[in-house]
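Each of the next two complexes has subunit A plus one more chain, namely subunit B in the first and subunit C in the second.
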Partner chain A sequence: MSKNNCAVVGVGQTKYQTTRGDVSMAGLVREAAYRALEDAEMSWSDIDAVVIGKAPDFFEGVMMPEIYLAEALGCAGKPILRVHTAGSVGGSTALVATSLIQAGIHERVLTLGFEKQSESNATWALSLPQPFSVSINAGAGGYFSPIIRQYMIESAAPELIGCMVAFKDRQHALRNPYAHLHQHDLTFDQVVEAPMLWEPIRYSETCPSSDGACAMVLGSESVGDASSKPVAWVQGTSMRSEANTFPGRNEVNPRASRECADDVFSQAGITDRRREIDVVEMYVPFSWYEPMWLESLGFAEIGEGWKMVEEGATHIDGGDLPVNCSGGVLSTNPIGASGMIRFAEAALQVRQMAGEHQVDGVQRSLGHAYGGGAQYFAMWILGDTKP
Partner chain B sequence: MSEPSQVEIELPAEIRDVEPVQSIRTPIRMTYDYIPSSSAIASLNAYAEKRILGGVSPIDGAVFVPPRGVDPRHGVATTETVDLPDTGHIGSFCVTRLPIPGREDLEIPYVSAWIFLDGADVGFLGLVSGVDTSEVHIGMRVKALWKPDDELGRTAENIVSWIPSGEPSLPFEEAGVRGYRKRSGAKGSDPLA
Partner chain C sequence: MTKLESIDYTLEYPYTRSTGPVWGPFLTGLRDGKILGARIGNKIYCPPLEFDPETAAAAEPDLVEVGPGGTVSGWTWVTKPTTKHPFDHPFAFALIVLDGADTAMAHAIDAKTEAAMRTGMRVSAQFRDERVGAVTDVYFVPEADAVDQEIAAGDEPVAITIHSIGVDISEPLSPHRVRFAEGLRNGKIIGQKSPTSGLVYVPGRGYDNMERVRMDESCDVEVADVGTVVAYTTISPIQYHGQTETEPYIRCSILLDGADQPLGGIDIRDMTPEEFRTGMRLKCVWRPPEERDYSDLDNRGGGLTEGVYERWEPTGEPDVDFESIKEHTW
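Here is the complex of A and B:
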């Protein structure tokens, strides 16, 4: 069954920071949505429907916030759809919005992800006592640390690879005015000397806690053709999930991740992944996930992702596959928006609109998000030409 | 753009100089009754007798602990349960150096580990104690440290922590999820494992 074409015609982001005390949740989402409409040269009335995502409601304690946010998003009387897939939600939300265009249901869809972590406590929310188990897991870091430990042993990677990723992403963030962390004077030694929080994860190798929202306007083929600005055409989309525990589960390189990657690259007709993709926005909340996902996504052989990091292949300066030129999740983490930011930054790169962190001559980009216990995956490939 | 027009709001004179409220914190609490599933009831009752139950997959005999009543790989109910020993090994672990909400009693740093019981095919989280954090390693053999008999309840918290048993460690290749792959010849759900 053939799909209609879909294009990213507008991107809008808030400045990401620890506390956006000047706006409510509604003000926050409206700011990103307004900027996306402005970029798309559209007004609220042009939008047919809204697809919105965020992390679980108990983070901020506002249940079904999409109901009360509909008005702030110019959506009263229009369809609004909420997506839930934990940390990958920003990516999955964009893919649900894409499917509404591809299916021919709507012409113009506004999609948005947000989080107001300053009104929430993520470590508490991710450490809730459950009747069946003892309460000793300290947030996401406590969950992913044992997985990273296994990757370090299996790959025999040098100990400081994670620090190299963290330092690179913080350098990249300096070129992105929207990024949360702008650590101008940070040195590599400071990254290495930072205290261990969830050994082997250092404080410097984890993501910050951010407020922020990211929005995109997606349009049909005729909407994309009519745009006065460059647009990014969707060339492939894929989602996969798996249970977070089962016998023999490959936690380091989950099967759902590999199959999601195989699907999305196949849709885009890509065979030489490292050569044919020009830039990647990858979900890396803990530094070691960059080499792990480089392998899982097939950019590197199993056990060799860390070599790309060591060689500088993922650095914006001189790397052949720059990863997270925006600074990534390691520099900005409004959880429900983090996946959407990856997808939106992938669009900005294809549209040559990423400003100081633009990579020259990008024709195709990959946006990637994961969530839960590394069990939910969302990916898209964008290009400067129609598929 | 169709932005709404900005409406000028005139405040009454008596509150004009008051600092505006921009943020309110309202801590809330909720208590609820937990009604366990049938497999959970059996497991929680067993804990009270210092027994650990596992659920057996009818497809390939894989053993799940705690038993959720389902084999998620095949979407089938587990119908049989087995008693598991309170000994096993560490599949992987984290040395945590920050406090977590609700467990102010934990001394930092502490080790949370994926415990793989002998005869089980999945791990579950447990606290490791009785050993310096620098000596904890993947494959280390451990045994349960139970609460005193008069403090036992229908809860996983009956096991205070896992302490080294002194037996020889498992090699990394056989520890944790790798153990099942080796035993099953990697013919489980994951051919690339």
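Here is the complex of A and C:
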């Protein structure tokens, strides 16, 4: 099945912080959208459609906010679509937008993910009962901690691998002006000595709660060719999902994750994943998910992802596969935007526009997002050449 | 005795709103007895916007006072107000074009009777005695019913507002959940055995989500009230509105003997993390039958409901080997 080419031609982000008390929800999304349009050298009238994503509506208590935000995003007389796939939503939103270009339906699509978490409390919003669905009832950390312990036992990883990931991502964040956490004086010892929040997850190994929005302008092949700036070409896209509980489920390395990765690397014609990908933006809300996903994505053998962390392979300085040069979810987490940020940062790296956290000579990058009980996956591979 | 027909609950949270450069002054105006519209291009929009809704172009705040009179351009009559509505008696929701504005604002009219309502009627704003900087600070009445009001301005401009937003939910308890509850009343844990795979789900779901087949009453099987800890965490409670937990506690999953899927979300409050471990064998200590409470049983639970048991206590048996339970992370 042939697809039309699609390019990322614009990226826009807000500064991420605990509370953006100075703007309305509409003002927040417009800030990111406007910056993406500016980067793409376009105006609102150039856009054919908008695809917007966010996490559950309970976060802000506005039901179906896409309806009220349509005019704020220039959608009068144009289509707007809302996507929701839990924490992976920012990634799957970008992929739905991509499919509109690849299918030849639109030439220029604005896609945006946002969350204004300061309007409620994320742990509350992830613990509440909802009709006919299983409540995890203790926030995301309470859900993921036994899975992380299982990985620690199975891989026999040294105890402080998670702390190494957390410290690395917070160091990376210092190079990203948009990152929420800028902990200039943080030491590794402070990461290790932080209190256990959901044992074995320390407070320092968890993501913050952020307000923010991230937007991209996606264009067709002719739009990409006409851009005066470098663009990032979509070389592969994939989404997968699975139920969050069933007998025999591999929760550490879910089948949906493995199959999503196999699909996206196959589409991009990649056989040696670690060598052929130059930089990864991976969804790591709890530190141990970096080695876990390194294995699931096939960058490391099963049980050996932690060795890449220990060797510094994922550090922006000297690593052969830098992971989360932006600081990642561990440094910035407006949930509905977090997947979009991974995808957008992957695009900035290919476009050589990541500023102080740019990795030299990036030709191909992977953007990755997951959500729910590690049950929804979205991935894309971008390159500096057309597929 | 607990009813077993439906589960009723309320989702509610005191959400905050940051109002931004236009809605902040608009709400401040309402608190101070004024209705403000925004001049955008050659139109006056009320309620005001931060942008041109037709083109999305940015609009510098240019606020002008409109009303207090206006004309109804459409309406509907609310016969049974809810607790979230602005009146406790029947009223109209209406689109009102305020004098001086070009667009309609949706708001409430205290018209007393439906017969008093008609499209094109004249209405006038009335302000409530207690005003907080919310759109509910104002309401409308038929012009003839309006009374003069002296409104004193407040102090600080409105920048953040708080709204208790909620929904009342009532859902019927599914038949398999009713049978599960009846089992708990009798000190029995009822699961369901898949007719296709033979795997035993506890609690049953009414369907096998892997084989996609229905599981009805004929699939019900009793499993033991003794099992093995397959996963746990120690939760340090985060404080938020409505949080009742204050001290760290253990939350675990227990694979009951005879089951293929663990019970989740079992809270342990009488053991310490130092003595707790995966592989440990635990037994349910039931409350006396007359004290068992399943009023918080719902359609979702992956565990038991706390009101039916006193605690889980170690059986004293040797721990189960990790290899044999490692497929059950949760």
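Some observations on this one:
The criterion applied here is as follows: the second predicted complex is superposed on the first by the 378 of 387 C-alpha atoms of A that agree within 3 Å, B and C clash if a C-alpha of one lies under 4 Å from a C-alpha of the other, contacts with A are read in each partner's own complex, and residues count from 1 in each chain.
Operating definition for what follows: a contact is a pair of C-beta atoms (placed from the backbone, for glycine too) under 8 Å apart; a residue touches a chain by one contact, two chains touch by 3 or more.
A quick note: this is a predicted structure, and the numbers were derived from the prediction, not measured.
Taken together through their common subunit A, the two structures put subunit B and subunit C in a clash.
Of the two partner chains, both subunit B and subunit C are touched by A:G21. In the superposition on chain A, A:G142 contacts both subunit B and subunit C. Applying the stated contact rule after C-alpha superposition, one finds that A:E38 touches subunit B and leaves subunit C untouched.
One of subunit B and subunit C touches more residues of subunit A, and that partner is C.
By the document's definition of touching, of the two partners only subunit B reaches A:R255; subunit C does not.
Shared-chain residue A:P247: touches subunit B and subunit C both.
Among the listed stretches 42-50, 60-68, 78-86 or 132-140 of subunit C, only 60-68 clashes with subunit B once the two complexes are superposed.
Common to the subunit B-facing and subunit C-facing surfaces of subunit A are residues 21-22, 34, 44-45, 61, 74, 119, 121, 123-124, 129, 131-135, 137-139, 141-142, 145-147, 149-150, 153, 195-199, 243, 245-251.
Contact residues of subunit A toward subunit C in the complex are 19-27, 30, 34, 44-45, 58, 60-61, 71-76, 116, 118-121, 123-125, 128-135, 137-139, 141-143, 145-147, 149-150, 153-154, 195-199, 243, 245-252, 373.
Those residues of subunit B that touch subunit A in the shared complex are 1-3, 22-23, 28, 34, 36, 40, 43-44, 62, 64, 66, 71-73, 91-103, 106, 109-110, 112-114, 121-127, 133, 138, 155-157, 159, 172, 176-177, 180-181, 184, 186, 188-190, 192-193. Within the complex formed with subunit B, the subunit A residues making contact are 21-22, 34, 37-38, 43-45, 61, 74, 119, 121, 123-124, 127, 129, 131-139, 141-142, 145-147, 149-150, 153, 195-199, 243, 245-251, 253, 255, 258. Across the interface of their complex, subunit A is touched by residues 9, 11, 13, 15-23, 49-51, 53-58, 159-160, 163, 165, 169, 171, 199, 201, 209-210, 231-236, 238, 240-243, 251, 253, 260-261, 264-265, 273, 278, 298-302, 322, 326-330 of subunit C.
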